Structure formats: structure tokens, C-alpha cells
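Below is one structure, written out as C-alpha cells; the observations come after it.
A, B, C and D label the chains in the order they appear, each numbered from 1.
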Amino acid sequence: MQPVRVGIIGASGYSGIELTRLVLRHLGASLRFVTSDRWGGDTIARRTGLRSELTYVPVEQGVELAGGVDVVFLATPAESSLELVPRLYPLGVKLVDLSGSFRLRDLSQYPAYYRFTHSAPALVEAAVYGLTELFRDEVRGARLISNPGCFATAAALSLAPLLQGGLIDPSSVVISAASGVSGAGRKATEDFSFMEIDGDFRAYRTLNHQHLPEIRQTLSRVAKVSVPLVFTPHLLPLKRGILNTSVARLQPGVTAAQVSAAFERAYGQEALVRLVAGADQVRLADVVNTPYAVIGATVDQTHVVAISAIDNLLKGAAGQAMQNLNLMCGLSETEGLL
Amino acid sequence: MQPVRVGIIGASGYSGIELTRLVLRHLGASLRFVTSDRWGGDTIARRTGLRSELTYVPVEQGVELAGGVDVVFLATPAESSLELVPRLYPLGVKLVDLSGSFRLRDLSQYPAYYRFTHSAPALVEAAVYGLTELFRDEVRGARLISNPGCFATAAALSLAPLLQGGLIDPSSVVISAASGVSGAGRKATEDFSFMEIDGDFRAYRTLNHQHLPEIRQTLSRVAKVSVPLVFTPHLLPLKRGILNTSVARLQPGVTAAQVSAAFERAYGQEALVRLVAGADQVRLADVVNTPYAVIGATVDQTHVVAISAIDNLLKGAAGQAMQNLNLMCGLSETEGLL
Amino acid sequence: MQPVRVGIIGASGYSGIELTRLVLRHLGASLRFVTSDRWGGDTIARRTGLRSELTYVPVEQGVELAGGVDVVFLATPAESSLELVPRLYPLGVKLVDLSGSFRLRDLSQYPAYYRFTHSAPALVEAAVYGLTELFRDEVRGARLISNPGCFATAAALSLAPLLQGGLIDPSSVVISAASGVSGAGRKATEDFSFMEIDGDFRAYRTLNHQHLPEIRQTLSRVAKVSVPLVFTPHLLPLKRGILNTSVARLQPGVTAAQVSAAFERAYGQEALVRLVAGADQVRLADVVNTPYAVIGATVDQTHVVAISAIDNLLKGAAGQAMQNLNLMCGLSETEGLL
Amino acid sequence: MQPVRVGIIGASGYSGIELTRLVLRHLGASLRFVTSDRWGGDTIARRTGLRSELTYVPVEQGVELAGGVDVVFLATPAESSLELVPRLYPLGVKLVDLSGSFRLRDLSQYPAYYRFTHSAPALVEAAVYGLTELFRDEVRGARLISNPGCFATAAALSLAPLLQGGLIDPSSVVISAASGVSGAGRKATEDFSFMEIDGDFRAYRTLNHQHLPEIRQTLSRVAKVSVPLVFTPHLLPLKRGILNTSVARLQPGVTAAQVSAAFERAYGQEALVRLVAGADQVRLADVVNTPYAVIGATVDQTHVVAISAIDNLLKGAAGQAMQNLNLMCGLSETEGLL
């Protein structure tokens, strides 16, 4: 079988580096181009230590090369994706966009959460939201994947089985999540200096994080009713990983066994989700540098606490993007990931 | 004025060391004895670098010396306090117990949360719960202070003004908190080894932490109705500090201005509480090694997120204990703390 | 080609887990047994998340199974290796011992540095010291590899080219090195608790670390004169990695260009050594989770500072062990490592 | 007694904040002005949480106010101190300059290490190098103190007693030191971002750090012969503290007892130096947030390893500056520090 030919636009960000690593070790894929303004003219080997003598090219050259590959990953800021996807889509190449540009169906939310008015509504319509475990069938046939946000992936996975099963009150959901610093991308600001982050823990974008409408959209879709949740993201003094703590009121009479069964039904056969016995068994360190989501739930008489953990750069970005590429291209879903 | 004569039982734990430091630098207090099994026979100077040649003595010797001091701090495990307080109380010495032994009024909860049946119910009755900002008048006249738990302090301070003011639905409270490792005390187990903690983040004792009934008791008392909250504590990969994220549904029509006003009314004149403009402005690093609580809240149309931060060993333990000693002894509340 | 059949004795320590991971992903190797007292009866998948349903067995069962495999790794304490190697060697199976038991040719040093009198002198004689880049030819034909210590690997690689080339005064070598905490193995002591390690940095076993005679032996061998170096290891507050700073006086007239040329000659063709332009370009973070050693040197008129970095569990233990297995078995040296 | 009136120029850097804290808690000092471009117009309380309503003013206003105080601290970059000291010195106010501008007696070294040609040679002559324990008598009478560098303090204290006593070969000194990140000052660059620093360890300015000539100058002065040492500074992934590891060849016949006696003689009566039994007993964590230097040495037959630790912002900067102020003003040397 011919290897899938892949290009990466935005290959020097943290997600872009992970994508590069994943494509290079994927036995059924062949990396054809990588773009980077930052590292233009240098080789992958020199910049990352990975074994490839491919040279980073300017993004415009990437766009030209895109016609000759099967899939392009866009690991670009939202504004760049918004500009690039409409140029690449007509080429017929499959696209996986890791930005937020095509995630929200309700176009009226872009100005508030992304600070732009959307200029490609038809492609929002065409895009498939690539939360693989929830929407696998759509992913298979997609030409444009809007790859989920890291917090949005962790949150949705922790709650979808409970909402699908009608086990919780959709109006009661409260989510508190914490992410490592790589979630913010490369930063050369005092705010993200070691001196400011080390030994600190704090919330940010409380009640107005851009993943809030994304989580609401996904959960409302699986619940088939509106899920008006509260979401508070926090910043952890570590490099990688997200731990998401979701709390909801159980519908009357719902038991721990029903909760377990719902997760088992949803994820028991999933290759990249690992279920553990309770909320306390979910540890961020266990998922770092792995493509897995780990999920566990604990209940009392009235509430459930469902905790999930992912590596924000893998299941929360590049790993899920590769999982989606595999599905789109008819390959084994975990190829290159395990 | 004669200095207040102070003894510390359990002076080699993390809270005990902080108490030692605070008493030594308190201009109106004189440290008379310190007990420690661990460091018995050694001096404070040698073990801690603090400037005192006082020698650690066995706890039984501390009990004998207690009759000759004005105040005894007990920085002992709950089981030890349960045994010691009934022996010390009749001596007439003022007591500040940092353990959980006398915090819960409902005696039926001790077996579940502390694994013992309470053997001194009359002293539970006599004990004043020393959350200073909420119960200052009682503290002033107390002979036995039950000093609040670290999580319980952070949680109660973040929510009390909202409940007192009737601004939130008492049935909607969801708390997620995160503590540094010193909260667990000295540990020589693999679980608390550097290799297990560094780079990790996880919940523990989800839905059954011993501070849960303590927070419920305090908030129900200030709300004058039952506050059946959900509480999920997490363990941070850092040494000191607690950040507490409280979420609640606003009563209909409540505004951001009303929320601000409630906090201003409650804490505007407090020496050891600092209010900041919003939830995102509360940073754990800002309170480490300080006696302060920092609190900020952010609201949207339906919910409030109120975040508080304290140093778990200071406002969450030794600092608040000293604040209470000052009040009990008629001294300036912040003496030795600022 | 038949896969190389491999067993691992001591598979639940940090090096043992790395070995397990490396063997499982090695396309030419097949893992046949893993022993662990700690995890006995449990599967690799459950304990490590790696994809293998192999069950940990007691060490005695491992010894029985050893006859049916091609290579056995011993990731055991020195005392255990001392007892096990003489039992396994006669079986004809190839052995790679990661402990220090067979590293020192001078038997008189074991009591001082390892606290035992050596009971198998003939096997010390038979053992090949597996610092691959320096002694590759011997490794190829070996039946028993004594795999180098982590500090010893980093130190020797940084200095061997300078001594081989006669560029430095052998009597002037001073080494300061720093290791992450995993170098000490699993620990359930207060000394290795998060509270003691985080934010700390200190030396340990100054002037009497067990790798000191090992480094002296290697460097004296390559220099063909005695190299009486000074070695001070330090403990870093991070999980993995060693940075080794070697200082030596240049022989009169030696230039920066000669120093560069010596490193280039020694390692320019090495797959697992990366040379960088100067001492400041060597970063510990760049080698963590990689099988590489990175080396750079800076000189002034009189001295050279040569810095090397390795992942202590990979090039400093399991990675080099696998590199040696590949050579012993006629496989590509980097198979399973890159 | 009248309090000493103090001004701080450059009060918003890390050393400046420490100076502010120390002056505010000093019972015999009164803080009269603080300058900061960064925080101009804001109060100390708002920016630092310290209890002072003093407002940060522009540096030029500080220069005007300098005539009305007894001592001015300059916690400014070297270039700024070079410009300011000549303007302030004629005012008769005592000056403590924390920069490197007046540390090197050999003016020819400024271009190489500080990138400027010195414009005030007479003041270099007038300046007293304020390494308190070594040059206390000169400090007492000084009008201009050049406060030592952090690495230079740690290094000189670890070696001075050995050189003064003639116990080591002056030509054999090799120093390896490691500093926390605050040593570099505030940084808004990717190099000093959390992502780059956390989990990393590396050398920087190998063989050409600006403290190298400073250490050489001090040690040559106490040794009364040239001490051409090698110095390799490293960057630790933690906020505060320096650990300095000095290695030297013992003169023939020198014993451990002589080494101990030399340190005891030099520092046995020092209030801010604590001697410990050996090199391994020196721990960076023990000095963080304290004004102390801790020193210990270990010897074998041929070499001594002397390790010192300081908080780079206290004994390595603001603490020693305050120690010097106390001496200059006839106050108790440790006032405000313990």
C-alpha cells in the first residue's frame, strides 16, 4: 500500500512538533513538507532531534505543496487557519485543522471567543468535529476535520456517557480543569516565565474561555438538550497534561453501578480510553506522553464526580489529529500512536 | 506587659515548625516548651535554623509543663489531640488545637471521617471553631479553640459572604480545591516521593474528605440553612498553598456589583484578607509564606466563581492559630504575623 | 529471522520498566518473561500501561525460564546480580547486568564501594564493560555485559576523546555531575519525599560515590595512564537526566580546534552521540526520554570544560543495555531505540 | 536614636523587592523613597503586598530625594549604576551598589565582562568591596560599597579560609556552581519561559561569566598570590538559591582536621555563616529565604571539596547589602535580617 503523504503547516509549535514526531514514526505515512516561519531553512533533525532531513519551508510554499499530498495538518493559530483552510479545501486534499476556527457551529460566537467574524461559513458547515470516540462515523467520511480543543476533549469525554444515558441533570454541570503550560503554546512573556509559573496555581479566563462554547456544543449535541455548564480552567506548574474534574447532580435513583455501566458501554472497547475504578485513580502523570484518555468516576447519593486526564498535546491535539487521519484514510485507528 | 507564655505540643511537624517560628518572632510571646518525639533532646536551632536554644522534650513532659504557661498549641494528629485536650483543659491553660478532633459538632460524623468514636463530647461543646473572620467574637472569649482545617478555611472564606447575603442558591455549591504537598504532613511513603508527585496532579478522597463535613457545618451555620455541597480536593506538585475554586448558582437577579459588595462588606476591613478584582487575579504564589487569604470572584448571568488562596500552613494552620491566640490574649490580631 | 527471545529480571524498577518498554517496541525482539516481587501476578499492561499481557513472575521462576531465552537483562540490585549471574552464566544465555556487581576489575574495591567481598572473580574477568562507543568490539563478542553506571557513562564519554588524544593533563580532571531523582531508584523514605527534594540541590557521596572507581578505571584504560580524578555528584529536583561537567587542564599549546577534532573523530559517526558547538549548548532537557548522549566543550587558554548529558535511565541504563544487546545479537545497534 | 533614612533606586527588580522588604522590617531604618519605571505611580502595598503606602517614583526623582537620606541602595543594572553613582556620591549620602559596576579593580576587564569602558575610575578606587565576612573593617568606614555578586559571594566564602591558611594549591581551583532562575532577574524571553527551564539543567557563560574576574580578584587578594580558577555556572530549575561546589588540591600533608579548623577560625563567630560537618550536609533548600551562608567541606588524601549555599537574593544580594548598611551605620550587623 502506498503511504499516506502528509504535510504539516505550523510545524514548530508544540503541537506541530508532536505531529512531526507522530508522522515520522507512522509506518503508513510519509512526511512530505513542514512549514515554519520560525525555523525556516533549518532541518527537522537540527531543530528537534527527530530523524528527518526535511527542511522547514515558508507557509506559502506549504500551500503550493499541499496539492501533492493526501492530508494536511494545520497546527496554526485560529486566524491563520481561517485564512488557509478556504485556500486548501478546493485542492481536494484532506485537512485536519487543530485550531478553533471551525469548531463552533454558531457563527455568532466567534467574535466573542475568537475575536473575528467568520469568513467561511460554508466550511464551518462542512467541517466534522473530530472528537473521535463520540463522532467516529462522521470522521471516517470527512474531508475537513476540526480537531477538538484540549480542554474540550477532556471535558466532553468525562460527561458524554452520563448525558447520553440520562444519568445526570444537564443543568447542574460544573467543570474545573487544570492544564500544563504547553497548552498556551510558545510564550516569550513575563507571565509565562519560570519565575511566574513555578510554585503557582491559578484560574484564567474564568467563565469566558474559548473552549466553553465548544464543550457546551458537544455536550448539548450528545444530550439532545441544552447543557449550560460552568467551566473554570486553571494553569498548573508543569509542562504537559490536563486533568478535568466534572461534577453533576445525579438524576434521582441513579446508582454507582449505572454510572460505571455507562462508561463501560461508551468506552469499554475504545483503544485510546482507559477506565479506572474511581475519580481518585485518574492521575495526570499517567497520561503524559501517551495518546490515552484516562477516566474514572466516583458517586455519592446525589452527585457524580467524573475525572478525565489527557496529554494536552496528544489526545488533546496531535494524537487525536493522527487518530482522525487514520480513520479518514482507512488505516488502523491507533497506527503510529501506540 | 508580661509576655504570653506559650508551649507547643507536636513541634516538629510542618505546622509545628511554623508555630515555633511565629512564636519566636512574636514580640509579645515567650516560647516555654516544645515537644517532639522525632527530635527529642535536640535544640530548635539545630533542627530548624531558628534562633532558640530550647530543647525538644517528650510530649508527657510538655503536659507537665503546660500548667506553667498561658497558651498551649496542639499541632498533633487528631487521635493525640483527643487524648491530650481532656488532660490539659482542666489546668486552666488556653488551648488551640490544630487537629480535627474538636471541629465537628455532630459527633456521629467522627467514625466516618476520623475513624474514632468521640470520647469527650463536652469539650466538643466547649470548643470554639476558630475561623477568625467569621467567628471573631467567640474566639475572644474562648478557652479551647478548634482551629479550622486548611481546605475548610479556604472554602468557607470564599463562600460565607455569598451565603450570608443570600446571593446564591445554597443547594448549588460545588467546590474544587488544590493543595500543595505539605498539607499531607511529613511522609516517608512512595506515594509522596518526588518521583510520584512531580509532574502529577490528581484528586484524592473525592466526596469523602474529612474537611467536607467541616465546610458543610460552617457554611450551614452562616447560611442558616443546610448547604449540601460537593467538594473535590486535588494534590498539586508544589510544597505550599491552597487554591479553592467555589462555584454556585446566583439567586435570580443578583448582579456582579452585589457580589462585590458582599465581599467588601465581609472582608473590607479585615487585616488578613485581601480582595482582588476577579477570580483570575487570585494566585497561589502570592500567598505562600504569608498569613493572608486572597479572594476574588467572577460572575456571569447565572453563576459565580469565587476563588480563594491561602498558605495551608499559615492562614490554613499556624497563622490562623496565632491570630486566634492574639485575640484570646487581648493582643493585636496580627501581632507576629506581618 | 527469528526474534531474539528476551527475559528481564527486576522488571519493576525504573530501569526495568524502561527495558520492558524498549523490548516491547523492538521489532526484532520478543519478551518472554519479566520478574518482579513487587508486582508479582499482575500484568505489564495493568502496571505500566504498556501493551503486553505478560505476567510478572517471581525471580526464581525467571531463573528457570532463563534457559529458554537468548538474552537476560538483570535490572537488579548489586547483591542480587552477584548471586544470580553465576547461576545464569552456565546456561549459555547472554547476560546484560545493569548493576555495579561486575564493573570493577580491581576486586579490592568492592568492599569499600559496594559493601561486599566479591564471590565470583572469574566472572568479573569474563565480563565486558559495555560502554558501547568506547568498547564496541568487545561488546560484539560478549556473553556477559557489565552495563555501565549512569554517571560513569556521562563522565567517560565527556573525557575519553581528550585523554585518548593526549590533549589534557590526566592528573587535573575534576568532574561535577548532577542527576535527576530516578537515579536513586524507587524510594519510600522522607529523604526522597517531594517535600525534601523540590526546590533543593545538594551534593551526595562526595569523594566516595561508587561510580568514582568505575570512571577512574575507564579513563585510565583509555588514557593508558592513571587518571586520579575528583568526582562530585549532585541531586537535581527533577525526575530524569544527568548533566556532567568535566574540567581539565589542557596540555600546553592545545587549541580549541584540536579539542573539537578529537570529539569529532571519536563520535562523529556515532548514531547515539550528538555533538554540539560548546558546553553551554548541552541541555539536560534535550536528552530526557531519548537514547542519546549530547556533548559539547568550551576552552580557554588553559582549560577545557566538556559537558555531557544523558537520560540516566536510557543511555545511562536501559538504552545502553539495549544498544549492547543489539550488538551482541548481530542486530542494528539502534534497533528499538530511535 | 534616629532611624537610618533609606532610599532604593531600582525597587521593582527581584533584589529591589527584597531590599524593600528588609528595610521595612528593619527596626532602625526608615524607607523614604523607592524608584521604579515599571511600577511608577503605584504603591509598595499594591505591588508587593508589603505594608507600605510609599509610591514608586521615577529614578530622576529618586536622585533628587537622595540628598535627604542617609543611605541609598542601587539595585540597578550595571550601566545605570555607572551613570548614577557619580551623581550621588558627591551628595555625601552613603551608597550600596548591588551591580557589578564598581567591583573590578582592573579597569581593563570591564569591556570584556560588562561591555563598557569604565567612566569613573576614581570611584572604583573609592569603592569598598562588601563581602562582609572577609572585609568587615573596610566596610565599616565605607562611603561607597560595591556589593558582591551572588556567585562571587558563594565562591569566595567557600575558598577564602583554605587560601588564607595556605591549605590548597592556588593553581588547582575548579568551581562549579548552580543558581536558581531569579539570579537572571526578570525575563520576558522564551529562554526563561517555564517550558524551557522546567526539567532542564545546563551551564551558561562557561569560562566567561562576569563573576569569574570578581572571584579571581577576591581570592587572589586573600591568598596574596594569583588564583587562576575555572568557573562554570549552571542554571537550576528552581526560583532561588545558589549551591557552589569548589574543588582544590590540598597542599601535601594537609589533613581534614586542618581544613575544619580553618573554616572554624574564619567563620566560627560569624552570625550569618553556618558551618556543617561535610560537603553533603550543605543543602540549597536550607538557605532559601534566609540571610545565611551554609558551608561544609569534605576531603580525601589529595583534594578538598568545599560546598557553600546562599539565597542569591539575600546573602547573594539584598541581605548582604543590608548587612553592609548596618555596619556602615554603626548598627548591629544582623539587624533586620534575622
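Throughout what follows, a residue touches a chain if its C-beta (ideal position, glycine included) is under 8 Å from a C-beta of that chain, and two chains touch if they have at least 3 such contacts.
Keep in mind that what you see is a predicted model, and the values were worked out from it rather than measured.
Q: Greatest Cα-centroid separation from chain A: which chain?
A: It is D.
Q: Any chance you could check whether A-C or C-D wins on number of contacting C-beta pairs?
A: Contact tally favours C-D.
Q: Quick one: chain A and chain C, Cα centre-to-centre, how many Å?
A: The answer is 38 Å.
Q: Determine the centre-to-centre distance between chain A and chain D, using the mean Cα coordinates as centres, and give it in whole Å.
A: Centre-to-centre distance between chain A and chain D: 48 Å.
Q: Just give me the whole-number Å value for how far the CA centre of chain C lies from that of chain D.
A: 39
Q: Tell me, which residues of chain D touch at least two other chains?
A: 196, 198-199, 237-239
Q: In the complex of these two chains, what residues of chain B are touching chain A?
A: Its residues touching chain A are 172, 174, 176, 178, 196, 199-208, 228, 230, 232, 234, 236-239, 241, 243, 245, 247, 278-280, 282-285, 288, 298-300, 302-303, 305, 307.
Q: What part of chain B is in contact with chain D in the complex they form?
A: The contact residues of chain B facing chain D are 49, 51, 274, 286, 289-290, 292, 338.
Q: Using the touch definition up top, name the residues of chain B that touch chain C in the complex.
A: Of all residues in chain B, those touching chain C are 14, 181-182, 186-190, 192-199, 237-239.
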